[in-house]
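Please go over the structures that come below.
Here come two complexes built around chain A, the first alongside chain B, the second alongside chain C.
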Partner chain A sequence: MRPSFFHHLHPPTIPADQARWRHTLGAGGTAVFLMLILGVTGILEMFYYIPTPEEAALSVQTITYHVPFGGFIRNLHYWSAQILLIVSAIHLLRVVFTAAYSHPRRFNYLLGLALFVLSILLDFTGYILRWDVDICYPLLTGTNLIKTIPFIGDFFHRLAIGGGEACSTGLLRMYVWHIFGLTLPIIILGIWHAFRVRRDGGIAVPPPQARTDNARISRNELVRREVLAMFIVGIALILLSSSVPAPIAPAMDSTPAAIREAASQSAKAPWFFLWVQQMLKWGDPFIFGIVIPFGILILVAIIPYIFPKPADSDIGTWFPKSNRLAQITMGLVSLIVILLTLLANAN
Partner chain B sequence: MQTKPSTFHFLLFIISGLLLVTLSLVWWNSSRHPAPIPLTPTLSGETEYCITCHADLPEISASHPVETFGCVSCHGGERLALNADLAHSAMRGGANPSDLSVVETSCGGSNCHSGSEADDRHHIQRVTTSVQSTYAGAISNILFTFGAQPDLTARFGIAAVTDENTKTGITSLQAFDPVSANHPSIQKFGEECLTCHLHAEPREGEAFARETGCAACHSTETHTLTTAISYTQCNACHNRGNYDLRTMTFIERTDHATTRLQDYYQPIAQFTQCEYTLDCVDCHTRSEVMGDGDIHNDQASIEYVQCKTCHGTLDELPRTKKLTDPNDIAFTLAFLNPVVELKLGDTILVTEKGEPLWNTRVLPDGTYEMIGKATKQYFTFNPVMGSACEQKPDEQESHYCHECHAVEK
Partner chain C sequence: MTQISRRDFLKLTRNGILYLSGLLATGGLLRFLSYAPTAEQKTEFDLGSADQYPLGSRTSIPEIPALLIHAESGFTALSLTCTHLGCTLEPNETGFACPCHNSAFDSDGNVTHGPAVKPLQVLRIEITDDRNIKVFTA
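Let's look at the complex of A and B:
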């Protein structure tokens, strides 16, 4: 039988090791599946969402309460987006903790990291599109943080929200960034990332001579496993979406004064930026809101370049000795982000 | 390890079944909710879904038909939300949009009950400057009594209020802050005696039950607004007990009145038949009760209707007015509380300030008729002039009339 299109997307055979759940945690595949769901549900939402300050929150309410299964579709979109961030973080940790970023996969590591950053930005812009009273604090804080960057801050601020006050041109900018400006790059980089996985020799495993198990599986088997995994993730997502609704709040009044007022009433960042909000309490917004988060990002990005190259036989094995420094660095970064998040949530 | 195709197909079958079950769960979950009921009020043209849950509420009043006003134009809230928390989250004044903290945007919105004195739309300005809302007389009395101010001139109100076009000489009142007062009795007054103005939640107990703001007087039952305000509504504040100025406490009435006569006045007061038969609003006018737009020193300086307003004196008949203008305010008031069919050419009584007593009419034989605003009872009454009354022209306060006309319980 000639392979179908979907089978053809996979190599004819791969080492069995590369497809083991305990090795990959299924994170990359789940991320792809979630992105597909995000694309489909996002397009469905676009049929009703109206990106104007007067109508935005009302159109979200229309989707949630009046469009048949609109609330469910919105919940699917919301939960897929939240879980995507968690799954992406797990994927990143797996790659570092198994030394999978090592040559020849250093460039793909950067591509993956870019995809992670784009996912965070997509989550943030999607959050802002609700345009209700609870998004005022992140909208104001997020856009004002950009302005604190010396020399180029004003330019990027204009790029993000289009000049004027956040309330006037901001929503349309956020919408276009969300639908087009961030989505197009994530599609292109995502395809590139998947292509590079194959080009770099598949998922990182020890070289053939260091493997204990040289068994291989066919693309048919791989597709079967993927289908079953998609079904399981899909069922979990449906259960979550039908029982826990996505957050929604009263429509906001889109005047600068009203946005500032609402921001002070409900000063809470979305959960994935709580760690930055916690640091902002400590002082200079440029240092704590821009320099440190970007410093952390750069530190994570240069892990494959600054630390000693892991031994070839260690690549694709969990917590190898030759990779200790990178594991400690990544572990500390994760720990700090998690602690700051918990601290912000407790306050 | 390869999965056998047959095992895979079996797993796929099981898991597809699970997917179907979860999808039917979603369908069942969404079909459990009641079908949304839309309403597009003609005034706003914006569809709202409040009556999906609130279809059982009575119409608020004949002047506010739900097809015209809907719910959101007064109550606020999220008109599209079908989740109770979200739908109610942005409501003005909770369940009472007439609370004085939000009344300007609810009752006063779109210049409905807020506006200029010239077109008589300044109801909210009248209420917020009135003694029912400022409590100015009581506050200045207490401050004067305990040495905190040198005279009885009002300086403080429950909330700060200004009146740029004052006719009374009082241009503004500062917000009263009993907590920072230096006399314990004033502080006690603040704790115990500030539940009788329109900003305040009432005291606990059924006898005191009322809303705040406009609804304190105009809402006699759940979700109704009326201008036919019965004496029992006024009694929620005005006839429920006494103040003990030594201990600064309020002592509730303990008697349980069984008749109107017993209920109307407390034992020590004197009253005449019309005072316990009519409702307060049959005599006391709009400007006396709701304010006239000026800040007044105390209750006594705004109350002016006396026995002679309707009955005249030995020398004078009460003032009357022939209705010749179809836009006369008397027709509007009679339209809002249709107990009497006023016609052009009718002659009605008017007060000394010219306010229409629109539920009265002069009869051809020179006597008068009155229809109770809340009870629709029919009364006739006579002028003093030409009677055997022995009153002196300069003794017109009610206690002089009570000397002969008081009814004993």
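Let's look at the complex of A and C:
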């Protein structure tokens, strides 16, 4: 048989350790599955979505309330996107807490982090596409935040929403970024990331001599487990999507006055940006909204490069001694983000 | 040795051309994407006859958004756009509060609670000969 990408990802046998739930948590694979669902449901939504300020929110209502199974498709898209962020975060934590980022996987760690950032941006732009009364303040403050960057802020602002008033003319750019400008890179980097997993020797496990169990599983067994995981996640998604609808709010009238009037109904950022919104309450927007969030991102990105290299026998084991510093850093970062989110939700 | 072989020279030229065209294309793409249409944003608002706003009145004009104040000293228009990141302020007992990050301003537009630092903008007003009020945001 001709070797294919599928076979590259599924060699005839792999060490059993690489496919244990308690080791991988199944997070990376689940993320791939969710992205596939997002792609399919997203394309289906495009059949009805109209990216103009006047009609966008109405077309979302059409999808939700009129199109047969439209609401269900939209819920699937919404829930897959939210769960994707959570699963990606779990994947990142697993990689750091098992020292899996260590050489030779450092580069793939960066690819993974880039995918995470792209997912967040996709979630944000997707949220904006609702174009109802709830999205205006997050879009307005988010894009005004870009403007606070010295020298290049205005340029990036124009890149993001094409200049002009965010809540009246920003939609078209948000749409193109969502379905093309961010999606294309996430597909390319996603395939690259999966390819590199195997190129770097598969999922990180201790080297053969340090392994207690040298059993291997076959390609069929691996595929069987993947299908099982997809099945479980699929069922969970279907249950969730048929019982909890994705948020939707009344359309905003596109005259500036009405937008402003209506927008004051909701000033909450989407949940994954609540921690930034909370920090913005503390002072200078550039420091709290740009410098600190990007500082945190860079800190996470350089974990494999600045901390002592974990011992070979520790790679792929949970919470090994030799990468304590990385665990503490990552643990603190997650704790801070979670606490800020809770704080934002409390007031 | 200062001499370079023909092969090295060709390689260098090829790479140079490749990088240069990549750079030019990226620059062009970024410029392409950074065009901002000079949309006619409304900067002039006609508020009608001044007599509609009696002495002592404070009228919210949501389409600007601004507050038109008629005091002894005359008319003033206070912008209701938060000076932090641009949300619209909501009036309360002591002045104005921002729903986005809790900034607060007193009724004259001075900051009473951060994160905003700058006071609210006072907008330019013109009263025409036939006593029409015009407010300018730019």
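The working rule: the second predicted complex is superposed on the first by the 325 of 347 C-alpha atoms of A that agree within 3 Å, B and C clash if a C-alpha of one lies under 4 Å from a C-alpha of the other, contacts with A are read in each partner's own complex, and residues count from 1 in each chain.
By definition in this document, a residue touches a chain if its C-beta (ideal position, glycine included) is under 8 Å from a C-beta of that chain, and two chains touch if they have at least 3 such contacts.
Source: prediction; values computed, not measured.
K.L.:
I'd like to know which partner A:163 touches here: chain B for first, chain C for second, both or neither.
P.N.:
second
K.L.:
Contacts for A:251 in the overlay, against chain B (first) and chain C (second): which applies, first, second, both or neither?
P.N.:
A:251 contacts chain B only, not chain C.
K.L.:
Once the shared chain is lined up, is A:141 touching chain B (first), chain C (second), both, or neither of them?
P.N.:
It touches chain C, and chain B stays clear.
K.L.:
Under the stated touch criterion, which partner chain does A:284 make contact with: chain B (first), chain C (second), both, or neither?
P.N.:
In the superposed model, A:284 contacts chain C only, not chain B.
K.L.:
Touching A:227 in the superposition: chain B (first), chain C (second), both, neither?
P.N.:
After superposing on A, A:227 lies in contact with chain B but is clear of chain C.
K.L.:
Thinking of the overlay built on chain A, is A:155 touched by chain B (first), by chain C (second), by both, or by neither?
P.N.:
second
K.L.:
So in the superposed three-chain picture, is A:200 touching just chain B, just chain C, both, or none of them (first/second/both/neither)?
P.N.:
neither
K.L.:
Hey, which residues of chain A end up touching chain C in the complex?
P.N.:
Touch residues, chain A against chain C: 137, 140-141, 144-145, 155, 158-159, 162-165, 169, 255-257, 260-261, 263-264, 267, 277, 280-285, 288.
K.L.:
Spell out the residues on chain B that touch chain A in their complex, using ranges where they run on.
P.N.:
Touch residues, chain B against chain A: 1-3, 8, 11-12, 15-16, 18-19, 22-23, 25-26, 29-30, 36, 49, 78, 80-83, 86, 89-90.
K.L.:
Write out the stretch or stretches of chain A touching chain B in their complex.
P.N.:
So the residues of chain A touching chain B come out as 16, 58, 61-62, 64-66, 68-69, 71-72, 215, 217-218, 221, 224-225, 227-228, 231-232, 234-235, 238-239, 241-242, 245, 248-251.
K.L.:
Any idea which chain C residues touch chain A in the complex?
P.N.:
Of all residues in chain C, those touching chain A are 30, 33-37, 39, 41-42, 62-65, 84-88, 90, 99-102, 114-115, 117.
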